[in-house]
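The structures considered in this document are given below.
Next come two complexes built around subunit A: one with subunit B, the other with subunit C.
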Partner chain A sequence: MSTYAPRHSPSAFSTPASTTLFRRLTWEGTVPLEIRVDPKELPANSDRGLECYYLQAPRVSYLPLLVPEIKRYLLDVVFDENAARVVKEEDWWFESEEGNLLKWHWPIGLIYDNHTISQSTRPNAMPSVFTPLRLVLHLVSPPTEKLLLSPSAEACKQAFMGQLKEADFIRWGNTKRMTGLRKAEQDGLWEGIKEHNFDEYWRVASKITPTTVPTRSNSPPPPPSSTSLHTRPPSADPGSSGGNSGPDRDSAASVRNVPVRIYLPDGPILQDLVPPVLDDGTMHTLAAFLTARLPLLFPPPDAGKPNLAYAIIQGVVAPPDAEMAWLGACMAGADGWVNVCVGLLREGMRYP
Partner chain B sequence: MLTTLTRSQFEEACRRYVDAHSGEQCHDVKTYPTGWSWNEHSYVPGLGYLARTVRLPRTTPSEAEIEDGHGLDEIAEQEDSTIASAAHEVLTCRQYVVYSPTYAVPAFYFTLHDSTGSPLPLSVIVDSALFRRQSLPSPDGNTFGVVLPDSSLALLSQGDHPTHGTPSWYFHPCHTSEVVGEILSDPESIHGGDELLRWMEVWFMVMGNIVDFFAGSQCDV
Partner chain C sequence: MALPRASPEPHVRAIPSAWTHTDGGSMLHEAQEALETYKKKDSNKVVVRFKAVGNAPIMKQNFYKITASNRFQAVIQFLRKELGWKQGDPLFTYINLAFSPAPDDTVANLFKSFSTEGHLIVNYSTTAAWG
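Entry: the complex of A and B
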């Protein structure tokens, strides 16, 4: 991928076309969902046989944002008037076909990819792509021990903002870019998600997300400038408002660390420091990251052993030579995070 | 001088804290909270945390009135006996000190349940004995978090426990490093010796401005 050199002030309009392309592909990504109401909970007089709703949901959206659409369908087609009166969305919760509770504060794309890798550990799993994620919708008795309370769109927004703030902090060592946004701008990010409007979201996100630059070169990374990669945060530099030091300020390679999380099948979520450039000056690649963090699943190249697992990012098997900095600028979720889902390879499969 | 901790520093600091403040000592017992135990994930290393469980009395305005002896007759006359029983209700508070990989500092997570095992709503939590009076801004009708004024960013909100993935409340640790760093840089606060232990002690002091670590009574988990 390209190296990073000074460019003009950050804005969506001066972002190179390839960056915008991948951001749009990520934004426009959708997953097929099949949502079926738990038959035991269908209210009396419901029109049985129709309680299944199909939709292509945006990867960057959230389950609570789908609820109004699902509810409209159920009211129109399935429930009678009595049921319509008593149904309480705040008690709704979702489960996968296998009985796993779905977290409403996770982006839908992450829920889908996490399901894919969970299936990779099942003995009879067929590697299938693009099958709908089959969800069971429960209307009552949410398991409060395992789910966050209050699955409202407002609560979801707050969770989303918290993730953006964390991503901001990881990149720059402070949350000034996020807290520096006016409240209307902060709200604009969420409105972009709700309306699924790329331009509205990126109008604000371009102020806080690092970007790449158009030049392609095989030379080593630029020598340390006033906004050097490691020594201090670019925003601390007194001359960083413009001129030579300004353009580096938002470069994907000048972040302190890239916001990345690793999801394992049915395991805990791993989060560690992911610098964009390694100590030897080379760009930090996905392969190096996975080998360092999960050496048994991704043995080092000189060990002569094949990988036992693969990595999915935004639903795509990610090439091991992808640079972490580039992933952070182009294929992060709308909440700023690069979610790497690790699944086990089956017989006959290889990664890369 | 450390303003942030790596994972292994956090682990070491917690172990030293538990060793130094294990609850059997009589002195210092009201300065540093005790009763914490170190726990780990069942198969992934590096995800350890401190935990303890505390039983809190449920405090309500009516309970305060009962204690003062005001309005006792009116309250006793009310048909609703739940007020009287609520006054004696015991809440279970599970408290955790976990590592925040984003901010590289400890973070305080907790759950609060009533005697039936139901998680309590935010309005009850904010008024509970867990927090020092007036230390939190009002949730203002918000049921899922306490937000900073004029912002969409939160101070206290819900999140998954980093090791177990179970729902908890937690305080956003974004300013912890600044506050603890400021205290540690004050020459008077350095008693010499163990920097990691001192870090945890100062962290508990800082959190203790909001969380009353000495409310209620401890119990075995």
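Entry: the complex of A and C
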């Protein structure tokens, strides 16, 4: 254990069981992908009819990390020896079926959810929540300007580290927790993603991610008894208070802000400072946040109008009374960010 | 984990009928109109202040007003041009001496979260500094 002796407080050792459970559920989430080589770019003598590859990809992973597996399949099954010699994976890039460029540095779960909400705006589109996301793999002429990053796993890792640091800065106003990690620990975060290894990732990530233990001195009053417990995220863990030896500064409610981005269908992406506790001392909830930021889609409760949109986080329709602090501790992606994808409701649908 | 071949036997799950409506109806129409108001581009300008780090050349003028709806990538390209950097010349950019933002993040988002005294401070370096 001494290898991983934390320099800051040992939040890893006071993480409530429910937090670990939700982190694991988030981590283990996968999405179905269908990857089809653009038929126009298929090399001569390819075994047509087989140029489609199906896989369940981890939500926390990235497209560059899937390329080796896809390449192995194409070389084994589809391409002939000639094509295998000339194909260059540096030239590969992905597009959605609708022709949207897929970014190398977006987590795969975000690409999937972003596609789901984009479909929600098409009047005649069937919601395709349960079908694979169809991707077109191009083998040549990458539009480098628009892809922004080179397709290498190394560039992806740098972008990932940048996101982690940005999230750190949002939470604490500095990046001391990230820069306090040893090189081997920082690499361990990325290795955890590459190997899809929960323990490897969280052994380090728990040093930079706040826990859900509520602050002792400043904690908000318990919710009125009318709040049904089973619909409320278990942000306060009754069992954890006894062993709460870690300082309050590592609790989810004591961060300055929660790293959150709102994704609207086909853009834009909105980033705000999202404090965990509101000025009146109550916990900031997803409902309050959405109403404050997007009042036309999520009207205030006293307006007497129904919501026109819904929010999904990690592929799950998120309960509006979820606390932002809890979402930051339990439902953030591996890069530290809570991605709230907003889709439009149609006749007959309701949120919540 | 990967399935070698297509077996398009769709996993039939009970989807609430409401979710399979193909016609969005007036509700979707209203939602689309609401959405449009949030898609309007922010034409405001914000002040970006460039600060050299290490051996990077100092700029004569280092305050610029940049349209908030621009992506950070545009800021990087602008900076490269001002410095007379050729393609392939290394340039690393950071916010607040702390992190490199995603190139597709907007100046508006970065300004809202990280501005200091009305400026978005962009540090630039010829070597990786806080990578």
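Basically, the second predicted complex is superposed on the first by the 305 of 352 C-alpha atoms of A that agree within 3 Å, B and C clash if a C-alpha of one lies under 4 Å from a C-alpha of the other, contacts with A are read in each partner's own complex, and residues count from 1 in each chain.
Here is the rule we use: a contact is a pair of C-beta atoms (placed from the backbone, for glycine too) under 8 Å apart; a residue touches a chain by one contact, two chains touch by 3 or more.
This is a predicted model, so every value here is computed, not measured.
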{"item": "Combined model on subunit A: subunit C and subunit B, fit or clash", "value": "clash"}
{"item": "Subunit B versus subunit C as contact partner of A:Glu166, first or second or both or neither", "value": "both"}
{"item": "First, second, both or neither for A:Pro268, with subunit B first and subunit C second", "value": "both"}
{"item": "First (subunit B), second (subunit C), both or neither touched by A:Asn82", "value": "neither"}
{"item": "Which of subunit B and subunit C A:Thr179 touches, first, second, both or neither", "value": "both"}
{"item": "Partner chain in contact with A:Leu294 - subunit B first, subunit C second, else both or neither", "value": "second"}
{"item": "Partner chain in contact with A:Asp187 - subunit B first, subunit C second, else both or neither", "value": "first"}
{"item": "Touching partner for A:Leu345 - first (subunit B), second (subunit C), both, neither", "value": "second"}
{"item": "First, second, both or neither for A:Ala155, with subunit B first and subunit C second", "value": "first"}
{"item": "Contacts of A:Lys103 with subunit B and subunit C, given as first, second, both or neither", "value": "both"}
{"item": "In the superposition, subunit B vs subunit C on subunit A residues touched", "value": "C"}
{"item": "Common ground on subunit A, meaning residues reached by subunit C in one complex and by subunit B in the other", "value": "103, 148-149, 158-159, 161-162, 165-166, 169-170, 175, 179, 267-273"}
{"item": "Subunit A-touching residues of subunit C, taken from the complex the two chains share", "value": "1-6, 10-11, 13, 15, 17-28, 30-32, 34-35, 37-39, 73, 95-96, 98-106, 109-110, 112-114, 130-131"}
{"item": "Subunit B-touching residues of subunit A, taken from the complex the two chains share", "value": "103, 144-150, 152, 154-155, 157-159, 161-162, 165-166, 169-170, 175, 178-179, 183, 186-187, 190, 259, 267-273"}
{"item": "Touching residues (chain side subunit A, partner subunit C) in the complex", "value": "34, 50, 52-56, 69, 73, 77, 103, 105, 121, 123-127, 129-131, 148-149, 158-159, 161-163, 165-166, 168-170, 174-175, 179, 257, 261, 264-265, 267-273, 294, 296-297, 308-309, 344-350"}
{"item": "Interfacial residue positions of subunit B with respect to subunit A in the complex", "value": "7, 41, 44, 47, 101-103, 118-119, 121, 142-145, 147, 150-154, 157-160, 162-167, 172, 174"}
